[in-house]
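Below, chain A partners chain B and then partners chain C, in two separate complexes.
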Partner chain A sequence: MTDTTIKATHPVLIFWIIAGWVGFCLLPWFMVEDGIWSFVWLVDGYPFDEDHAPAAFLIGQGEKLWLAPLLVPLALPLLILGKPKSDPQYARILILAGALGFGWLITQGFSIGIRGFNFDWMKALFGEPKIRQFGMGYGAMICATAFLFLLTQGIAARGSINGDVFVVSAIGGVITIVTVFVFFPIAKMLFAAFVTEDGAYSVSVFASKFFDDRLWGLGCFAGAKCGAAWNSLFLAVLVGFITTVLGLCFALVVTRSGFRFKRGMRALTVLPIITPPFVIGLALILLFGLSGSVTRFVAEIFGVQPTRWLYGMPGVLIAQTLAFTPIAFLVLIGVVEGVSPSMEEAAQTLRANRWQTFKTVSLPLMRPGLANAFLLGFIESMADFGNPLVLGGNFDVLSTEIFFAIVGAQYDQGRAAVLAMVLLFFTLSAFYAQRAWLGKKSYTTVSGKGDAGVHPLMPRGLAIPVLGIAVAWAVFTAVVYGMIIYGSIVELWGVDNSLTFKHYVTAFSVRFEEEGIRWTGAAWDSFWTTITIAGIAAPLTAAVGLVTAYLLTRQSFAGKNAFEFGTMLSFAIPGTVIGVSYILAFNVPPIEITGTGVILVVSFIFRNMPVGVRAGIASMSQLDKSLDESSLTLGANSWQTFRRVILPLLRPAILAALVYSFVRAMTAISAVIFLVSAEYDMATSYIIGRVENNDYGLAIAYSTTLIFVMLAAVGMLQILVGRVQIGRRTQLGAEKTT
Partner chain B sequence: MTETTIASKAAPVRFEGVSKVFGKDVVAVDNINLHVEAGKLVTLLGPSGCGKTTTLRMIAGLEMATSGRILIGDRDVTKLPATDRDVSMVFQSYALFPHMSVLENVMYGLTFSGFDKHESRSRAVHGLDLVGLKGFDNRLPSELSGGQQQRVAVARALVLEPQVLLFDEPLSNLDAKLRRQVREDIRAIQQDLGLTVVYVTHDQEEALAVSDEIVVMRNAAIAQIGSPRKLYDAPVDRFVADFIGEANLINCTILSVEGGLAKIEIEGYQHSLPSRDLTPGPATLAVRPSRILIGTDAGIPAKVAKATYVGVRMEYTLAGAFGQVFAVQDDVDDPLEIGSQVKMAFAERGPVLLPEG
Partner chain C sequence: MKNLTTTLAGSLIAFAASLSAAQAEKLTFYCSAQEDWCQLMARSFEDATGIDVNMTRKSSGETFAQIRAESSNPKGDVWWGGTGDPHLQAAEEGLTMEYVSPMRDQLHDWAISQAESAGNKTIGIYSGALGYGYNSDLLAANSLPEPACWKDLLKPEYKGHVQMANPNSSGTAYTTLASMVQIFGEDDGFKFMKGLHSNINQYTKSGSAPIKAAGRGENTIGIVFMHDAVKQAVSGFPVKVVAPCEGTGYEIGSMSIIDGARNEEEAKKFYDWALSPEAQNLALEVNAFQVPSNKNAETSESAPDMSQIKLIDYDFKKYGSSDERKRLLQKWDEEVSVLPQ
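And now, the complex of A and B:
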């Protein structure tokens, strides 16, 4: 094997050289209006029509001559065909070609826009010739990819990371896409905060927007309104605190009590995964709104005038607490179970009673987990968009203010950018605190060795209130979810309480005709779009996530910590911020994808990437590193090792990453609401639209359907993964018997 | 041994001034020069953290040398990653792929070596045959016992006919009884096929039993290289003497040296032994526990501090002005009593003079 790879040119290199030429000579260079997959462009003047022509034909006709220099880096790699990898020329030429090509592509892309030169100094320098171009299309994209991987192969040939082409290419690829789709939009947004109305940059504009009273005002102490920043912060702290306490109660009940319905409580952990974020808000309206059932009941008995108390801080607080308690529960159950029972048993043998053991050993050991749950609740509350939108009333929070700054009558991109910066600052601080302060401070002891001990029960004085709180909250949650289903089959809530399937029919009716099924329901369009987009995004998300996880757990390279921080960062970036920054960044060339389905897919990939990364890291760190090493010493290269050893062993993690990214894509609203278009409407934004028209019945019916679809997806995952694990368990059983 | 298709392409390994530094200043291996002859089994022996595993992994290409040159055969492999080196390795944890059957595990490396499927299969079957696992083809690794897993790992490495075969503490996960057998099997296969093997262990007995040559390492450097016999009988310093065979180290004085024979004195007791180029003055005497004679007429006065019966022999701890020594005696029928005063002397052959340490 060694001889062949050394003498002949590597097939991967040949592939990328050909890909570069294909992108340049065959595929349309610019964005094609009807989408590349319609293939309308093939019959519409290709390859000579200016809009659909490949770069080579454009140059041939004397158009877009600034693309001509790309021929040099395209031709350069041809020189080294047949040269051995160890030849110093090999690495040098590849690096040169890759860097030149990639650099030139980017430079020209940013310099020349729809209206000619983007920068004034260029106009001054070159005059104002009649040149312009649209966003890059598949030709340009494949060309850029080819240059990137030529560059990484050059770097690998120079001996970086043991000359491993796969690893260097993977690192290069991940860095590039994260830069393009996370850092670039965020940077663009930050710049937008300094732009005045006539397009100049000014600090004072930023300052006036930043020190706005609507942002930092403290009027609420004097009876007026407080600024959105304070509102968000206050709400997030409160939600973080309450969800942590409730989550701890649940975790304690499940692990340290004799409560009979523990298993049922565990089911709570599934809820946040399958619930679209605003659904809880809707259910609360059905219960406590002006015509809500509880409101009416109370009004009749006590003769109190119904009020709109729900709309504002109390409603948002209740909704978010309901929505995020299961997340805290999920985090804390791991922590509470992770405290080694033998520590607690040791404390008991040292003459501490149960209460003293809990207070002096168990609780302190859980402290980092508690802080972690708090920060998660804080970040989630800050980023939440659906509930404040539905229930916020006059209570302004950052995420909704951003939305109204862009979508409302004020249309102020600068203000949206400033608000987004403030929001980003809060969430990133929490994210940073979580990583820097808690990252290494975990006392949970999950060693490979079996810990035979059992957790002691809670002391009685603690058990009763904890159990009470947990059961009460669980019942409340159940009632709220019950209301969702009930609300979907009521004619008109609070006015006409007769039962009907009308809403389902409106949304999901089908007609069987001769030509086949006709999807006549109002919701089908957005439903199929959602399924398609989520279905495209899920495998891509899982792939990017797993490759990143592989790099993080299995490879060491310079700048790995920064790399890790960068890839996990998108977890802390609220969806609204992503939405705003994508609009600002991708509305103009070189990457012009707003209004397409591509931007939705891309936003899902980078919103949900941390899910895939975490799933991958969790299961990869359980695979002994010697498995990789033995594969390498047996002559497999790192790509073959990844494909034949790591991936097969990661099957459960891959499935989980697939399903979760699919489900999360279906429930996402915050980023989506900025990015949808008439052609690509998503289920969640459609529902929000119904809510804004006070069409609650349809909205709730649609939400219920979504919940059941996602429940089915998660259930299928459980069955599939369960099978994989059972298969493994029998093997272990067999091992014990031999 | 039956006729097999597994041949040896054994090649020598040479380290020229090789160092490995982790991070900025953690020196794992410090300027090592080493030559492993083709067809020999060489053991890297030393306490944990001495750099022996790092040295092994540098041969495999799993760690890259920070400086120096590594040659396998005539080829400079210093910068070559593991995939491209003609070396295979048996891991401490065996690292069998749990999702592949035994046969698939053994075939794994062959499929990357340009063999077609049929050829790979017959080679793999031969390999399994060689390690005595005929008919286990379709088992999963988790369905095998520890010893069987270990053999699969050996077969998987063997069938590639590597220039060098590496073993990283291969016996440490086996129980004591199995160790002796597996180690004899490894040695037999190595000698039958004429393989170059580099073997890492921290167990000196294991090293003495299997090796053609032992490399004793200490603090990232080589302390001594030699055949088992040479290391046991002629250690160069206190570390090697102590690490191999638990030598008792006693301070002594060389009175005179005549014709290569030194006359030494400890507390009035005199003894003659090879001088090993030492000159009169203070020195150290290294004595194996079995070379201490107890109850002689002339000797060093000592007191029996501990006496332990371990079945085949008696183990004593003797205390005196010289400190403490550990001694064994084959006479289990008339054990010495704890607290009794005895005279202690040294056997004619065995004790070694070392420089004062």
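And now, the complex of A and C:
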């Protein structure tokens, strides 16, 4: 290579060409059995041993010859070294090489599996030679990435999106990973619903599983049981309604009453984020179960026969209402505050009394918020797994039925897939309704104009019941959480109520020895795994979320709406569905990651990505576009602008996304329970195991510890973000005055 | 520069040597017993032999499905624990390997007959009899009589006090169903299940959940394997264990070596070790009160005495077959589960 070619060719292009060759010639092509971080392969027959050989060595030995065609797209980009970007050949060859390479990689990956050809028509066409391959390893992954970015650079060179390599690559990258880790597993799951026991496809299998009485039966009107689908739907509607009403009560008390402990009530909003999924259920059992304290107390005083009323619909309803009311509160507080006081003042000036004002002005303006809160409660209830698991009794709901279809003695993946489809249909409908209905109408009353009014207080007739309900519910919530702490320090609940710290000792004991600290507690293993996995997932989630948010707010490209819908979709996919679909999609080549830590990280990234996207969109839309423009005018490219201008201004959003995805990863259970393995056990699945073993003390002690760990994380965020924002506010204030 | 290269190369070789020494022997161990027992077995085997154990715990149904899926490229070596049916099924499908252990003459007859019925492709490692347990405090509080037989559970005063697992989702509950059919005959067996249905307060998903609920005082009587009930009693809960007077069915926890195992020698070592009294005594450390298959292994004082229990001649071949299983479950679904309670 001469000096001129180096100057002319973009270093990023050179980087990806080299990466492609390294992936092909130097790194093991297939998944290394001992795990991603194990480098045993380096000494175990590398580079000739078939298990860890790079593709080039395999072909050299006459093995896996279907990888050989990849040499063509790897070699093609070498032709354009030294050619200027403007040369039409440049774009054409890059696109050709990228598309060919990526396409061939995927085609061969899906066509040839552990047992030779995966498709019957290929067997018919080529016979059944003795060929097989395992999941893709580093080599294949890096090669695939290289092809992808060669393709995006080619597209950029053709002039798409102003020829901006960074933006095109970012779009290509996000689309690819969302397709691989969201759409592909879901599609795979949809297919699994049609598979018969001997592996053929049949519609009648689907029909027999779909029109099952256990799913759609209406026996509950005749004294027997109803199907899981109706149960889930009915429960979700009730939970959505009740949480919205309670959330509204709280929001009204906080914004429109003279109640003294408003600030304390605001603290409620943080609870659902930091509560491990089933502790509320456990606390309810300890209070209202057949041998619960309240049940016993009532039985003694009134001489009533204790019953098992808690197990079933009532228990799940109470637990979910406790868990999700704060979410409705969080949504509605913004809405209730957002209703313009000037409108209410106008109504009052027109001689409406407080009650009329509330009914005809304030309430209608809150309508979208109420609908939003209802739908959120609906989706959360549908997806909830922990509470029905602990309190469900004979009341079957979809999320737990999915779990038992896969882990129980039935082991029926097809049934799990069908149930997951029904659940997905419900949540997606709600998600779609929320976007279609609320997205278009504008109820905004917050405008740039000064709006210095004061919200009127609630009418008295309303204030008293609202305050009563809110205070009663807040006290109830406090009692339940108090119970959680108390439950962690009694010997054996219900049998021996003496106080002890032994559960904490069993879980978190440490011994100081000469070699250092020894983590002897039973919980440390899963605790550190959880912290590590959550710690790895959090920055990746934030990164993917922010890049996506940047594309959505700052760039315009064809198919942007579909792109947005696709990235937000995983919010509406319940965790159990993700769990099932990941098992179906990723335990066979080409991507074989079940039983590893990678699958946990990946599932967290895509479960929590919408949070990062939302945080990013919210704060990016506050940054004026002229900032980007001035940076671009001064000659920076879009990557430099993103890194030097946008990112620093987004620090609070980044922090929030980081902490939130970290905390969510710690409390997630529904997807996790399908994906954990002996080596990578997570805190929540460890706790569920303890609960199943009747070890309530340890389970609650562990949960309490998690609550405090997460509280610390959230608190730290408050301090950090608070400081950053104060810094910004003065700057913005200064800008405004000029 | 040259020096640096030599040093680097030297240390790489040393590193390599240490790595290859470390990975000399290994065993991939599929375990279908309770988690802590699996962990203990894996660690103890490592301590006893120095072989690296890579353990995966899954229910016996899942493990069976996994072994079947991997049959053309087996990844596991040995499969230990879990109820016998899927082990027998795996033997029938040729997924597991024939092996006659030198330890065999130390075993109880039931363990050997399990092996013989499967062409020596599996073997019994422990057994547990079906029965029920009750919470004595709750029984007294509700002034209920103490039950002693299966038929006692049909009495109307126990309405809403009995819990069992759903046979569709739990192997324990299926064993219950199959045992009733074998004790009372098919017609009367189903009559029994229907009578029981009206007293049941909840069909749980997992097999041992009913007795755990009884231990916590959330349920009065739970139909489970007796060793699970004993475990609750030993943990300090007021649970009494009952071996029903009519006789009862049982399970045989089994072990098999996977056909085409990559580490066959290590798998055989594990197999022999797992049949030894030392390995079977480990069960007591994790409160597993099943009866061990080695005659010389210790049994806990709290464990049910198998010689005092009337065991029926359980037909594992017939009731373990998937056709019979499907037929009984469907009949239960259609005739029992739909009745009003």
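As a convention for this text, the second predicted complex is superposed on the first by the 715 of 738 C-alpha atoms of A that agree within 3 Å, B and C clash if a C-alpha of one lies under 4 Å from a C-alpha of the other, contacts with A are read in each partner's own complex, and residues count from 1 in each chain.
Going forward, a contact is a pair of C-beta atoms (placed from the backbone, for glycine too) under 8 Å apart; a residue touches a chain by one contact, two chains touch by 3 or more.
Predicted model only: the values in this text are computed from it and were never measured.
When the two complexes are overlaid on their common chain A, residue A:Tyr680 makes contact with neither chain B nor chain C.
Of the two partner chains placed by the overlay, only chain B lies in contact with A:Glu629; chain C stays clear of it.
Residue contacts after overlaying the shared chain place A:Phe527 against neither chain B nor chain C. Within the superposed three-chain model, A:Gly289 lies in touch with chain C and out of touch with chain B [touch as defined at top]. After overlaying the two complexes on the shared chain, residue contacts for A:Leu42 are found with chain C alone; chain B is out of touch. With both complexes placed on chain A, chain A has more residues touched by C than by the other of chain B and chain C. Remark: chain A residues 1-2, 4-5, 159, 162-164, 624, 626-627, 629-638, 640, 644-645, 648-649, 731-732, 734-735, 738 touch chain B in the complex. Within the complex, the chain B residues that touch chain A are 60-62, 64, 79, 81-89, 91-93, 95, 97-99, 108-109, 112-114, 140, 142-145, 153, 156-157, 160, 166.
Chain C meets chain A in the complex at residues 15-16, 19-20, 23, 34-35, 38-39, 55-57, 59, 61-62, 65, 72-73, 138, 160, 168-171, 174, 201-203, 205-206, 209, 212, 215-219, 232, 235-238, 338-341. Chain contact summary for the complex, chain A toward chain C: residues 39-40, 42-44, 114-115, 132, 219, 222-224, 285, 289-291, 307-308, 311, 393-394, 400, 404, 407-411, 492-496, 595, 677-678, 689, 692-694, 696.
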